[in-house]
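Going in written order, the chains are labelled A, B and C, and every chain counts its residues from 1.
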C-alpha cells in the first residue's frame, strides 16, 4: 500500500511541474524566480487540485474502470490466445468495413472542404502553412517511421532542399544564387522531388547498413548542417534574412490561366487535393507488395531477409520516398510565402515526428489528424504563450503518448497489433535492431 | 603563423575540449552498454547540470565583481562541480523514471524509447529556455586565469589545467568504478547479458537507474566545466551532445575506455580542423568524423563491449 | 543403452557394427573420374566449410553434396554445427573458408558464400527457422504473399497508380498463396493473424512461406521440434508430398523416426565435422555415429534428448 502515497507524491510533483510550465517566464539573472512565482500563486490551488484529482483517478482507477467497462470497452486488453484469435476474427471482418471507411472518409472530406469557409483569415493562413503543409510532411515521414520502422530526425532538411530549389529555379531575385533560367514553380515539383530523394539515398545508403538508431543521429546531424548552411551561406541562400519573392504558383496551359495569390483559400484547396491524393497513393502502396515487405521488415527482419525481401533496398526506398514528399512540400511552401532558415530548424523536424507519433504511426488518417490537432493546439496557444514555449507542450505530448498510447490517436490496425504482439514478446514493431542482423562475420 | 607553429597550442586546446566530450560521452556509452539505447536526452542532462553549477557558483560569488583567489576559488569550483553533478544526476534520474521506465515495464519497441527521449529533450530544452531566458549566460571568473606553464611554447592556462585535471580525475574514477567495484561488476554483468544477470541475482532495475545517474553526474559536472570556458544556454546541449555521441561511437559505443579515447581524439581533430579550415566548420568536421566512422569502422576503435573492455 | 539407440533410429534393432560404412571418408569429397557424372545432377555442394566464432570452432572442414530431388537429412548432437551449416548455406553466416555451390538448374552453378541472404533466396534456396520466425501480425495469406511477391517486378509507381500489371501480379500472388496454403492444409486459416495459429500450423505456414519464394532447394531446420505426434505425422506427410514434386529438401532433424522414414540419405555432424554419410541404413550401422550418439559422456544429454523426444 506504499504505492498510494508515492502516487500522490508523483501527482503533486506533476502538478507543480505543470504550474511551472504554464507560469511566468523568467531570465537568467534570477533563475528560480519564475518557478517560484509560478508556485507561490493562487493558480497553484488549481494545479494541486488537479494533481489530487489525478491521484484519485489513479488510485480508484481499477474500481472506476470496472464501472466504465460496463458502459464501454476496456481501454487495454491483456494479450491472450483468445484475444489474438479475436484480433484475427476482426481482421476478417475488416473487409466488410470498407464501406464504412469510405463513408467516414467522405464525411471528413466534406468537413475539410467547408471548414476554412467559416474561420478567420488568420486561421485560414494557419490551415495552409501549418496544418496543410505539416499534414503533407507527416504523410511523408509516416512512410519512414510508420511503414519502414525507422527514425528520421532531420526530416525537415529535405523540406528545405525543396524550398531552396524553388527559390533557385523559379526566381532570379529570391536568392543571390539562382538558375540561369526561370521556371514556373510547377516544374520545380519534379526537380525537388528528385533532388530530395537523391539526398535521401546519399544519406541513407551508407547509414542504413548499420544499426537503425544510427540513422536517427546521422539524420539529426544532417538536418542541423542543412540548417547551418542555409543560415550562414549568405552568398548562396541569402543567409538568415531568407528568400524573398519566390513567385506564387500559376498555371498557363491550354487556355487555362490561373495564378494562386495572397488569398490562402486557393492554396488550401490545392493542398487538400494533394494531401488526399497522397493518402490514396500511400494507401495503395501500403496494400501492395511493397507495403507488405515493409511490414515484414518491421516484424522480423531476419525472416524478411530469408524470405527474399531486399531489406536494405526497401528501407532505402522508404527513406527516399519520405524525403521526396518532404521536398515536394518544400516547393509548395516556398511558392506560398516568404521563408528563412528559421522554418527549417531542428525543432521543426521534431515537430513532424510529434505529429506522426501523436496521430498514430502507420496510419494515414492518423497523421493528418495529428497535424490538425497539434497545429490547432499551436494556433490556439499562439497568443497565450511565446511561440518557442509551445514546444514544451509538444515535448510533453510526445512523452505522454509514448507512455500511454504508443499506437497514437487514430492507430493503424496493423501497427497496433504489432505493438501489442512485440510487447508480448512476439516479433518486433520497428527496424531498429541491427540493420544487418543476418550477416554475422565472425 | 603556420599550422606547425600553432600545433602545440591547438593540441592543448583540443585536449581540454576533448576531455569534456569524453566526460559527456561516458553517459551515452554507459546507457548504451546497459540498455542498447541511444539516450537522446543526455544532452539536456548536460545542459541542466551546466545551469545548476553556474547558478550555484554565481550565487556564492562576492557581488562586487572581484575575483576570489586561493581557497575561495577552489571552494567555488568545488561547489559548482557539486551542484552541476547534483543537477545532472537528478535530471538523469527523472528522465529515466518518466521517459524510459514506463516503456521498459511493458517491453515497448525500441523506436518508442527514441521518440520518448526526443519528447523529453524537447520539453527540457524549452522549459529551460522559458525559465532561464534564451540568451547565453556567462559564468564570471572564479579564479585568476593566467598562464601556468608553457608546453613546447603552448600556453597552458589555469582554466585549461583545472578543466583537464578534473575531467581526467572523473574519467579515471569512472574507469575504476566500472572495472573494480561490485557496482561496476553489476553494470558489466547487465551489459553482457541482462537476462542472465537477473538469474544471477543482480538487481537490473537498480543497475539501470544507477547507470543513468552516474552518467548524469558526470555530464552535469562536465556541464559546469563547459560553462566555465564557454557559457551556458538553454540550447547548449545539442552540439556537444552530438559530438560526445560521436566520441562514443568513435571509441566503440558501450566501451568506457573507448569513449575516453574517442573524446580526446575528437577534440584534437576538431581543434586542428578548425584551424586548417575555418573555426565555423568545427561542427561540420565533427559530424564528418561521425559519418566517416560509421562507414569505415562502425564498431569504433576499441570495439563495442561495455562488459569486456571496461 | 543399446535399446535406447534402437529407439533413436526409429525402432530398428541395435545394429551389429559391420564396419563397412563410409565413416572415415569425408563424404561428398570430390572424387575425380567418372564420379563427375554424378556432379551433373547435384543441387548443392559445400566444400571444406570452416566457421569459427572467436575461439569456438563451429564448422571444421565440412563437405557435403546433395543430389537434385533427394531428401538429405543432417543429424547430429546439439552443438554439432547443424544450424551453423544452414546459416552458411543461406548467407546468415559467412564461413572463413570453403565454398558453397548451388545449381538452380543443372547448367547454372552459383557460388553462395558472400551473397546476402535475400540474394540466396532469390537464387532458389528457401529456409525455415528452428524457432519459428513468421511475420506475427500479418495474416497467414500475407505471410505467404511476402515470399511470392519478392519475385514480382512491379515498382512503387505501378502500385500507386494501380497499373494493370501491378493488379494482375497482386491477383496472381494471392491465388498462388492460397494454393500453397491449401497444400499445407491451412486454406481455412488464410485470413487469420499468424501469431494466433497453433504451433503446428505455424510450422506449416512457415514452410508455405518458404515454398512461396519458388525454391529449388528447401532447407528445413528442425520442422518437427515441439510438435505433437499427430502434427508430426502431418508434417512428415507434407514433406513427403513436397519432395514428391521433385523438390530437393535439406532437413535438420532430431527426430530419428522422421529422419529414417523420410530421408533418402543422411549426413551426421559431430563437433563441426561430417563423421558419416550415406543411406539411413548405412549411417545407423556406422560405429562413429553410434559413438557420437552414445558417446563418452559429454554428448549423453543430447542423445538422451533425442531419445526422450522419440519416447514421447
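The rule is short, and it goes like this: contacts are C-beta pairs under 8 Å (C-beta built on N, C-alpha and C of every residue); 3 or more make two chains touch, one makes a residue touch a chain.
Just so it is clear, the structure is predicted and the values come from calculations on it, not from any experiment.
A.B. asks: Using C-alpha centroids, which chain lies at the maximum separation from chain A?
C.D. replies: When every chain centre is compared against chain A, the largest gap points to C.
A.B. asks: When the mean CA coordinate of each chain is compared with the mean CA coordinate of the whole protein, which chain is closest?
C.D. replies: Located nearest the centre of all protein C-alpha atoms is chain A.
A.B. asks: How big is the gap, in whole Å, between where the Cα atoms of chain B centre and where those of chain C centre?
C.D. replies: A distance of 50 Å separates the two centres.
A.B. asks: For chain A versus chain B, what separation do you get between their C-alpha means, in angstrom?
C.D. replies: Each chain reduced to its C-alpha mean, chain A and chain B end up 30 Å apart.
A.B. asks: Centre to centre, by mean C-alpha position, how many angstrom separate chain A and chain C?
C.D. replies: Computed from C-alpha means, the inter-chain centre distance equals 44 Å.
A.B. asks: In chain B, what residues contact two or more other chains?
C.D. replies: Residue numbers touching two or more other chains: none in chain B.
A.B. asks: Taking each residue of chain A in turn, which ones touch at least two of the other chains?
C.D. replies: In chain A, nothing touches at least two other chains.
A.B. asks: For chain C, give me the residues that contact two or more of the other chains.
C.D. replies: Counting only residues that touch two or more other chains, chain C contributes none.
A.B. asks: Using the touch definition from the top, list the residues of chain C that touch chain A in their complex.
C.D. replies: Against chain A, the touching part of chain C is residues 51-54, 87, 90-94, 96, 116-119, 121-122, 126-127, 129, 133-139, 142, 145-147, 149-152, 154-156, 159-160, 162, 166, 169-170, 173, 191-193, 195-196, 209-210, 212-213.
A.B. asks: In the complex formed with chain B, which residues of chain A make contact?
C.D. replies: Those in contact with chain B are residues 20-21, 25-28, 31-32, 34-35, 145, 149, 151, 153, 206-207, 210-214, 216-218, 220-222, 224-225, 228, 232, 346-347, 350, 353-354, 357, 386, 388-389, 391-392, 394-399, 401-403, 406, 419, 422-423, 425, 428-430, 432-433.
A.B. asks: Write out the stretch or stretches of chain B touching chain A in their complex.
C.D. replies: 37-38, 40, 51, 55, 98-99, 102-103, 106-112, 114-116, 118-127, 129-135, 137, 238, 242, 245, 249, 280, 283-284, 287, 290-291, 294-295, 298
A.B. asks: For the complex, give me every residue of chain A touching chain C.
C.D. replies: Answer in residue numbers: 81, 84-85, 87-88, 91-92, 281-282, 284-285, 288-290, 292-293, 295-296, 299-300, 302-311, 317, 321, 414, 417-418, 421, 426-427, 438-442.
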